[in-house]
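First subunit A sits with subunit B, and in the next complex the same chain sits with subunit C.
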Partner chain A sequence: MKYLFMESKRPKVAVFDFTDCEGCELQFANKEETLVDFLKAIDIVNFREVMSEKSDEYDIAFIEGSISRADEIERLLTIRQKAKFLIALGSCACFGGVNRMKNKFPMSDVNKEVYGETPKETLPVRSIKELVHVDFEIPGCPVSKAEVERIVQHIIWEVPYQFPVYPVCFECKQRFTICRFELGELCLGPVSAGGCDAPCPAGGTPCWGCRGICAAPNFQEFFNLAKERGFSKEEVIERMDFFGGFRSVTGSK
Partner chain B sequence: MKINLNVDVHHLTRVEGHGNIIVKVEKGEIKQASWEVVETPRYFEAILRGQRYDAAGILTARICGICSIGHCLASIRATEHAFGIEIPEIAKKLRMLAKHGETLQSHFLHLFFLAAPDFINLKSVIPLLEKNPQVVAIAARLKGLANNLCDLVAGRTTHPVSLHVGGVSNFPDKRKLSLFKEQLKQSIPDLHATVDLFRTFEIPDFVRETEFVSLKGVDEYPFIGGNLISSDGIEMKEHEYRKMTNEFVVEHSTSKWCRLSRESFAVGALARLNNNYTLLHPEAKKVAETFGLKPVHHNPFMNNVAQLVEVVHCTYDSIRLINEILEYPENTPTMVKFEPKEGVGVGAVEVPRGILYHEYEYNQKGRIVKANCIIPTTQNNANIHYDIYDLVRKNVQKGMTDEKLELLCSMLVRAYDPCISCSVH
Partner chain C sequence: MLFRIIKKEDFKTFVNLMLQTTEVIAPKFIKNNAKGKPIHQFLPISNYDEMVLDYEKCEFSAKTYFLPYKNTLSTFHMKDHDWTQEIQYRIQPRAIFGLHPCDINALVRLDKVFARDFYPNPYYISRRKNTFIVGIDHLPCDDGFCHAINANHITHGFDLFLTDLGDRYFVKINSDRAFMAISEVPIQEITDEDTKDYLAVRKQISQSYKVSVKTDDLPNLLDIEFESKVWKKWGDKCLNCGTCAMVCPTCYCYGVTERVSMDHSTGKKIAYLYSCNLLDFAMVAGGHNFRPNQETRLKYRYYHQHRGFVESYGEPMCVGCNRCGRSCLAGIDPVNVIRDLHEEEKL
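Moving on to the complex of A and B:
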């Protein structure tokens, strides 16, 4: 592909999934208007969910999911050795995601609840960067395909990518969404990283902070605001622990 | 003929999640023929304990990236049953429209991206970008339209944001709805082209009699709630789902197994169609007829065709629903007010891969004490396993190579469109 007389690199891309719902990798097959161009800009060489070809030669490895079993750690270490550039894709990979709420309980307890007397092998959930070096993180549950496309473009043209510094509220204002606080709901938008285009408040759900913390959060102010609106600190913290991206504030496992 | 065969598929491709197929035949004797789920469990039922009612739907949507709308719907339905909530008619119609959007996008993904390549000797849809760009364009148009429908009604395709306990949060923009109706009508030639494409595929001829379980439709082809029915003549109420599934833990798999009247049963598009054929839209029936698909049909490979029949049904039914929704004034309330209370509730929903159940027990504060989710692929696992055995048995007699058998077994599993990470939730 040529742009301004320059030949773009067509990076070899591999997509791998671990403990998760596969909703993020599914976004690769979505956004049909640009799907064909997207698939031409990159060379997907390994993507188990949609193709049977497999190659161990790749430049970029997208890692989706959290890690919760010994064999996953081994697989991840091997991928890290082979990949030049490793991207954690989605909130499971970046923070552990909703799966991380398992860590509130002893592993023996969750096993008993689900499998009774025949427990399965499992470890407390960890994010990718807790195990290997991660070159880039794209949060979101799911990731926004538009953002993934932008990031891939930057990688192809070797231009550093800057995440937006504003919180989700900013994108609500751009869309003329009625604030969920005004409707009596608790919303994490004021302290959550924007870039998703705020689909949740617009669709009728407050922001639950799936992308983690925004660039310059004012937590004191936020806890005060929430309190004024009748939400206790415990309630806010419970909400923050849902996707695992606020652990630096909540101190959860 | 005394042949030796070895198939060892580790992490089968073009399915959602991680599963293995293992076949060992020595001197014509089957030593092993099995389907093993090795996905890492996520323990959703354990995590659900203590969650407030408004978190349950958001959390359980994350059980599956493909059928998140269905999970969310089963979840809020279970909660509504526990709290004794009756939602407005308009909310029921909007939920059904969102459900159709999901069925369409999931079936298109499976038909074009996951199933079709096997029938045209390709390893994925990607080489088709060069070889047959028209087919890719049709696939992208159809799937794109379905995704946009989900976005409009549910707020997002993957992990919906407009489906809540008590109803649906927004009345979608009527202008956009009308536009969708037109686009759906315009997509019908693409549907016919897809049917023509699948007519050229050679569907393996394999039959193993089994039991089919699904919702029972009354005056509509069923997707959300109602009685449970099996092709062996069993009928039960929604809340009796445990007796319909009889889930049990097996050694070699992280997903559980289920059984009813026989050693295994099947759920999914073919099961729905087998149990509710008369309720299909006439245009969908026509498609079924061209493929010779009549109830009760026992070839699991025909699940692909059943999905094709369902996309035709869902397209026509979405047009009908939009017409009905457009009759309502835009300020019609789409939510009801409610108080959380102590109680138990079950929600059954037909997701693309079959019937799905959620059950929650709530305390007075509206927090979950106990949760249970039974996923379609969990119900299909035993059936897939025994199908593989029978498929091998029938083909050993014919003579086979490892490669051919591997492809055939893989196609069989793919025909079920298994959602493995979902089944190990």
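Moving on to the complex of A and C:
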């Protein structure tokens, strides 16, 4: 791919999934208006959800999902050895995601709840960086394809990428979105990383913090303002634990 | 300035006539908040009945129609071994109805920066000139302090200005195009009775301001209180979210970024409105941050609004609408910050 008379790299890319819903990797196949150009910029060589061919020769590995079984650990270690650059894709890979909520209970209890009398092998959920070195993280549930495109552009031109420092509120204001607190709801927007273009509050759902903590959070004030509006600390913490990106604040496993 | 009277039914015809040729932005009812209070926003309307002229306040100012949150400054097209640049200043004409005096004064402040200073901004001027402004008088809102900051009267910066006299509007006509436009419908010369009614409404407005705060000595006070504990008190509350600057009708600080299309054939230079309360506002190459503390960033927002701007343009940038105070979840409101500064001085 050429830009300003220079030829970019076209890295070989593999996409792997672990414990997840496969929604983030599906974003790779979304945004049809630029899909062809996206696929010209990178050379996808291994991607179970969209192709049959499989190559173990790749430069960049996108890892989707959290880790919840011993065989997943083995597989992840092998990928880490082969990949020059490893990217955690989505909230499950970055934080453990929704799956992480099970860590609050004994494994035998969650196993019984889901599988009844035929238990399966399972481990407490971990994010990718708790097991291997991660070079870059793209949070989101799901990730934003527009952001993935920008990050891929930065990768092929080898230019550092900066995530926005502002919380979700900033982008809500730019969309004329009515504050969810104004409507009497609890929203994690003031302490959650923005850059998603705040689609959830605009669509009628408060922010649940899928992208994790923003660059300059003020948790003391956030708990205060939530309390003033009738939301207890426990309620806020429960919300923060939904995607697992606020564990440094909630102290959850 | 010409003064005329227009009957409300004729005003309705006027709006509907304008809608045939021009995009019309007006306060529109969105929904009630949790306390049952109506929420209005400046949005495009398609017929007169969507317009709510007796609204209290729009949480978001109409700034975005003059300084868009994201504005494409130029587009680049790359082809073979050459490239071309495309710059679009021109926009479709637009009318904004229902601006209150504070919001018109906010535009007059922005004119000073973007239209009358050393570097006129063609993007702003194009939007400003192509926007027909219809303002309206209103009874003071609960939390605004426009009168305390001298932004409650308008003398220029608009096309038409209405004062509601019950069955008719008292109209100030302030431009040739406004006179031409309103002459399409019946208007009347003012009578002694109209003048009497108009003055009665004005008197009622001037007697109804609710918030009092002293602002005339603020530039001096801010100089003295640079190290004040007040900044830590309010700074500790700041959420670093930039909401205040986004809803403010005058905050105009912006950054510029480039975006390249996925096929790398075109690029865009985009100006995006930013906020001095955000962590990286004063971050420079190499990662050094001149304002790493939130209390410093909050302080400088007040210094720009109430001191730096006065130094450059002879009046504060703030017009006292209190949108920042109202939308700040942490409850940082300018009236109480300024009152605290006055208290400090007494000690």
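Throughout what follows, the second predicted complex is superposed on the first by the 253 of 253 C-alpha atoms of A that agree within 3 Å, B and C clash if a C-alpha of one lies under 4 Å from a C-alpha of the other, contacts with A are read in each partner's own complex, and residues count from 1 in each chain.
Keep this in mind: a contact is a pair of C-beta atoms (placed from the backbone, for glycine too) under 8 Å apart; a residue touches a chain by one contact, two chains touch by 3 or more.
Just so it is clear, the structure is predicted and the values come from calculations on it, not from any experiment.
Novice: For the combined arrangement obtained by superposing on subunit A, do subunit B and subunit C clash, or do they fit?
Specialist: Partners fit side by side after overlay.
Novice: Applying the touch criterion given at the start, work out whether A:Glu158 contacts subunit B, subunit C, both or neither, answering first, second, both or neither.
Specialist: neither
Novice: Touching A:Glu22, do we find subunit B (first), subunit C (second), both, or neither?
Specialist: first
Novice: Between subunit B (first) and subunit C (second), which, if any, makes contact with A:Tyr166: first, second, both or neither?
Specialist: Touch status of A:Tyr166: second partner only.
Novice: With the two complexes superposed on chain A, say which partner A:Glu234 touches: subunit B (first), subunit C (second), both, or neither.
Specialist: Neither partner.
Novice: After the superposition on A, what does A:Phe38 contact: first (subunit B), second (subunit C), both or neither?
Specialist: In the superposition, A:Phe38 contacts subunit C only.
Novice: After superposition on the shared chain, which partner residues are touched by A:Glu57: those of subunit B (first), subunit C (second), both, or neither?
Specialist: neither
Novice: Residues of subunit A touched by subunit B versus by subunit C: which partner has the larger set?
Specialist: Partner with more touched residues of subunit A: B.
Novice: Rounded to whole Å, what minimum CA distance do you find between subunit B and subunit C in the overlaid structures?
Specialist: Checking C-alpha atoms only, subunit B sits 9 Å from subunit C at its nearest point.
Novice: Go through subunit A and flag every residue that touches subunit B in one model and subunit C in the other.
Specialist: Touching subunit B in the first complex and subunit C in the second, residues 40 of subunit A appear in both lists.
Novice: Give the list of subunit C residues in touch with subunit A in this complex.
Specialist: Subunit C reaches subunit A through residues 30-31, 33-34, 39, 41, 43, 59-60, 64, 69-70, 78, 81, 236-243, 246-247, 259-264, 273, 275, 278-280, 294, 327, 329-331.
Novice: So in the complex, the part of subunit A that touches subunit B is made up of which residues?
Specialist: Within the complex, subunit A contacts subunit B at residues 17-27, 29-30, 32-33, 35-36, 39-40, 44, 47-54, 68-69, 72, 97-99, 101-102, 105, 109-111, 113-116, 118, 120, 122, 141-142, 199-200, 202-205, 208, 242.
Novice: What part of subunit A is in contact with subunit C in the complex they form?
Specialist: 1-5, 8, 34, 37-38, 40-41, 149-150, 153, 165-167, 169-170, 173-174, 176, 178-179, 181-184, 189-191, 214-218, 220-222, 224-225
Novice: Please output the residues of subunit B touching subunit A within their complex, sorted ascending.
Specialist: These residues of subunit B touch subunit A: 11, 13-17, 40-43, 45-47, 49, 55, 58-59, 62-66, 68, 109, 113-114, 117, 123-126, 129, 133, 136-137, 140-141, 143-144, 147, 154-162, 164, 168-170, 249, 251, 254, 421-422.
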